[in-house]
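Next come the structures, one after another.
Heads up, the next two complexes both have subunit A, just with different partners, subunit B and then subunit C.
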Partner chain A sequence: MTEQFISSPHKHDGSSVSVMMFRVCLALLPGLLAYVWFFGAGILIQCMLAVGFAIAIEYLMLKMRKRPVELFLKDGSAIVTGLLFALCLSPFTNWWITLSGIAFAIIIAKHLYGGLGYNPFNPAMAGYVFVLLCFPAQMNSWPASPEVANTSPALSDYISIIFSNGDSSLDALSGATALSQMKSQLGMMNMVSEIRIEPMFGHFAGAGWEWISIGFMLGGIGLLVLRVIKWQIPLAVLISMLGISMIFNTYDSDVYASPLFHLCSGGTLLCAFFIATDPVTASTTPFGRLLYGCLIGVLAYIIRCWGAYPDGIAFAVLLANACVPVIDHYTRPKVVGEVGS
Partner chain B sequence: MTRELHSFPGGLQMPTFKTLSDQEMSILHPLPERLILPLQQHIGIPSQPCVSIGDKVLKGQTIARAFGYVSVPMHASTSGKIIDIGDYPVPHPSELKAPCIVIESDGEDKLFDIRPTNEYASVDPKELQDVIRECGIIGLGGAGFPAHVKLNEGVENAVDTLIINGVECEPYITCDDRLIQEKASYVVAGTRMIRHAVQAKHCVIAVEEDMPAAYAELEKLIDDDIELVKVPTRYPAGGEKQLIQVLTGKEVPSGGLPIHAGIVMHNVATAAAVFRAVTRGEPVISRYVTVTGLVEKSRNLQVLLGTTVKDCIKACNFEADENCRVILGGPMMGMHVTNPDVPVIKTTNCILVQENIPRLPEMPCIRCGNCVDVCPVNLLPQQLYWFAKTDNTEASQRHHIFDCIECGCCSYVCPSNIPLVQYYRYGKSQIAAEERRRDGADHASARFAARNERLQKDEREKQSVKEEKRIANQKEDKQSYINAAVERSKAKRALNKKTLEDTNKDD
Partner chain C sequence: MTELFLVFIAACLANNLVLDYLLGTSAVFAVSRKIETAIGLSIAMLVILPVTSMFTYAINLCILTPFDLEFLRLLFFVILVSLIVLLIEKILKKYWPILHEKTAVFIPILLVNTSLVGAVLINIQQNQGLITSLFFGIGSASGFGLVVVIFTALRDRIIVSDIPVAFQGASIMLITLGILSMAFMGFTGLA
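Moving on to the complex of A and B:
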């Protein structure tokens, strides 16, 4: 018998952080498959790059901070950060941009705050915003819509663009995303109904992209079923995004796109199920999670419609992260038997 | 069943492992050679030995007296000789040694003269409480709080509902289940006696849904006077506050007692013990213990108090070695003991032998909130953990750390494997220590103030005494002065008179 003191309980349900993270990775598969289907295998290269960088930097940081390397590498959080970061980028993004974004995410946003569990800001989003601010020009070339280009870019195209500097084939292969196209066209005083006829807008929210989003939603529902994530945040993000876009769409449907467009374009669904639900940086009380989700939905919409960037998800998440301590403080549930307020 | 059931927040549905031990009839554990009886088996003040080394005692004889109100007497579990009164290892998380009385059995198991109380219904409730106390009855469900104290609360306050708790919600434990199945009549009769003792308006016996055999036994015996309720199987439905919530929908106020909601709750084993105490004068000297887990033959034993845990495990064909660990109580709230020579005491409901798997490494909290979803008290375990870890006692208290019932649900589901309950125990002890320190400081300052006060009072008294004396002296002076003056004038007059007479005589 061991001499060490063991406190109750003496049983555990067998869950672990690694299993949670592994499930998150699996749940990204449907969306990723759709991505590859519509835009070719470039995103896989981007994901592998990002995950590889993330693991390497995590390893270095753990070594430097004299943390148990194996234990923390196995938790899988670096892999998830890498994947989510890669999914925010265009698959054409140059490798050094990916590297610098990941470095910012893991070194500054995660380890300088104390590593897993202590980071107040979502590392993937922090890394993404970092590269968005530092390299704005390079962040805007997305693969052209499959309805516009006849074929999706070949793997060799992706490889040459990612690993070279300023490859000339990029211009031929890239185009705008639905969100940025919508934004620039609205800026030219066109009406939503006119813009929407373009084939790149697909059935409801951008050819190809809409199905990728649906893929992410399916994976997210899987996570809900497995209870890896809680229902409050996805629901709140979706409802608030739907709600606010519905209000403005009813108010003036020429200037404000439909709720469905907002829901399925850009990163809304990926964010609702995978990014906003990052437990470390989200609110931790049941009611707080609802508030937190709503905040993200509303902020993202505001930035999309009136901000300088086509998609506001990353900024919305970081801003909501900053509000978490306050939200948590004011949403403590009433304890059983607690009297008064 | 007419009673509408409610639910409590959180809780866990988990494998119960009850079938390991609940099918088998319980057996009497053979009389051991030596019995170790700790003087403190209850919450409160330890009892005081009233025998000395070398004394011969009989089974059921009082060998230690209650000391103070929150205390109960202790009885010899068998007949024999007192061979020692001293410190032995007892069931305690930190492996403490504590004062025990050790009896060497003479093998005869001869009963002490016992006096039953007849016709409990005509006995005054107060007297019934005394009988219960004299028989050493405490909460046998595991809490170990002296039964008479709860009964007395019942007498002093109006009791709406008496709840007899047969909801054995922890996995593995089946001692109450077996007890009900084998001694249902004791439980029901004991329930009626407790009801009389607290004069409760309603009376409920609650069992769990997965105890159908026990339910059936009870159903045969009860009348309209007792409600029999099945509650859904969900841990910790048998927790005092949770069961009250399930049965009545009432929340026991934070920091309050069930009686504040008009409720008195006792365990089924306590009820059976009351029956024995009242009708036969039999004290608590044995109990049902579930021995389960890795042991070859999981079952319930009727064990004399003071028998070692090791003996009980042996009786189930098992030798505890370093590949296993022994838990007293259930897997969720039980206590890990490293020394199998500790005795079975009044609150030992289960001996669980588990594989000794090393604890998985503790990771940082990822704030996933799984713990929040299962907390039956609606606490925020992850925040409490943080506060306890950083010694933030003020925030811990603001987040109601003292409402934590240490049920262990939060730890059970924590993906980071954090021993949360251990942190809360630490947090609570920190606060208690701080309070003691503060009280100590308060005491010191109070003492100082009192001393000043006393000194000043002394001073004032001295002053006033002096003053009085002075006044008295003055008075005295005046008086004596007057007296003296009178004296003098008398003398003068007398002298004058004499002189006059003399002169007259001379004349």
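Moving on to the complex of A and C:
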């Protein structure tokens, strides 16, 4: 690789934290549109709830910590945290679960560590893992794919389920995700090829969900083109996930699902482009970013295939976040003149 | 073989000594902010714990159980573990001076530590056989080392953050250990 020298004067391209966050929100649009197309507008209510709670709690924390409120609210980081958190949740999730997850994310994972720029763990993922561990039963009802449920949930269904406790219409409208269906059926000694012909599976992953994932990937590529995120992390996450699932798929394709299935179901693509690439919690060296991405892909696959949770993305991100200081320590570039050990 | 591997994984990740049983947190906190020191402590643990868990398993099987003295286990093992640690130190000093030099500082920390005695007691409750005990010891020590290294590096980064006054020091470290423990709960079901 040749080094390119660009002499001064340099011009600032006008980017800032808030511009970056705005671009991230825009890049989420394709996936979000696909979500609304397949499963109705419930996810928009969930997003609005999460973002509203996030802004409110961020405001409270800034007031209590006596920090400039306007400056930090305008950077948009709370909005992105809220959006990513909402996208990890099922659109049927009760409002109080969203509230407790967001509260954990903003208060404990972000502000107790000093706010934006200091948090070692991704706030959205920490909040998600928190609610996943606290309310496992409520986190399991996802909208059934349009091919399975005869009626797709209307906006009024979503509103009554989100704001009431134990609405009876929930059971008719909800179902398992592709990953958890795959996991439970594999546990009953069925083969992958048998499971895949069920109507809830689409061309390469869960029906409907696959296109949402592709939508997120398109938005993520947009972010790559705009150079909001670095290419190393998405590449490493996707390659490691593809690689490890390909190895096990060729070893025994009856027990281990295809690489494309793992890539397009659950949160893999959303994580690779939007969650893992959080500049605060990711590794800061180029080689470190590759290691960090690989760690997420491999850990997520391990938890998916052999762990108790159907999708290990959130746990994998938190674990990789915890390893970032170690990775940075060992991949730090040498200072000019430093003697190699 | 698969069974031994599962014992190793369970002891290292799913039922981590520090994050699941909350043993040896004091040792995790005791390490200074350098990763190299943390690695030294992990190596010391990796040398001591497998030997200790095998030895105590044998003692329990041959002496305590035949004489119906299981109720003395805790008292017995606290003394026994300290003796074994000191013995290992002497042996290392004589036959493996380089390793001794690296780990000698940590012997006092590990001499009377909950992580060692706790691991040994868990081993006797859960596992059967000397080889299983050996793998449990290696797994527990690796899990302990993993947490110590990760936590030391994390602490080095957190300590320079703009933390609210009420949460500075031990409290933010405990919160960090809590979030780390949440992350490790993803490994439930692995073994």
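Throughout what follows, the second predicted complex is superposed on the first by the 321 of 341 C-alpha atoms of A that agree within 3 Å, B and C clash if a C-alpha of one lies under 4 Å from a C-alpha of the other, contacts with A are read in each partner's own complex, and residues count from 1 in each chain.
Keep this in mind: contacts are C-beta pairs under 8 Å (C-beta built on N, C-alpha and C of every residue); 3 or more make two chains touch, one makes a residue touch a chain.
Predicted, not measured: the structure shown is a model, and the values here were computed from it.
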Notebook entry, point to check: Touch check for A:Val129: first (subunit B), second (subunit C), both, or neither?
Noted result: second
Check: Which partner does A:Ala308 reach: the first (subunit B), the second (subunit C), both, or neither?
Finding: second
Notebook entry, point to check: Between subunit B (first) and subunit C (second), which does A:Ala322 come into contact with in this model arrangement: first, second, both, or neither?
Noted result: second
Check: Which of the two partners, first being subunit B and second being subunit C, lies in contact with A:Gly243: first, second, both, or neither?
Finding: neither
Check: Touch check for A:Gly115: first (subunit B), second (subunit C), both, or neither?
Finding: both
Next item on the list: Would you sort A:Leu71 into first (subunit B), second (subunit C), both or neither based on which partner it touches?
Entry: first
Next item on the list: Pick out the shared contact residues on subunit A: the ones touching subunit B in one complex and subunit C in the other.
Entry: 115, 118, 328
Check: So in the complex, which bits of subunit A are touching subunit B?
Finding: 1-3, 5-13, 15-17, 19-20, 68, 71, 75, 115-118, 227, 230, 279-280, 282, 284-286, 289, 328, 332-339
Notebook entry, point to check: Can you name the residues of subunit A that touch subunit C in the complex?
Noted result: 65, 108-109, 111-115, 118, 120-121, 126, 129-130, 133, 299, 302-303, 306-309, 312, 314-316, 318-319, 321-323, 325-326, 328-329
Margin query: Applying the document's contact rule, which stretches of subunit C touch subunit A when the two form their complex?
Written below: 35, 149-150, 153-154, 156-158, 161-164, 167, 172, 175-176, 179-180, 182-190
Notebook entry, point to check: subunit A touches which residues of subunit B in the complex?
Noted result: 8-9, 14, 93-94, 171, 241, 245, 251-256, 320-322, 324-327, 329, 331-336, 338, 340, 352, 354, 356, 359-361, 363-370, 372-373, 376-380, 382-383, 399-400, 403, 406, 408, 411-417, 419, 421-422, 425
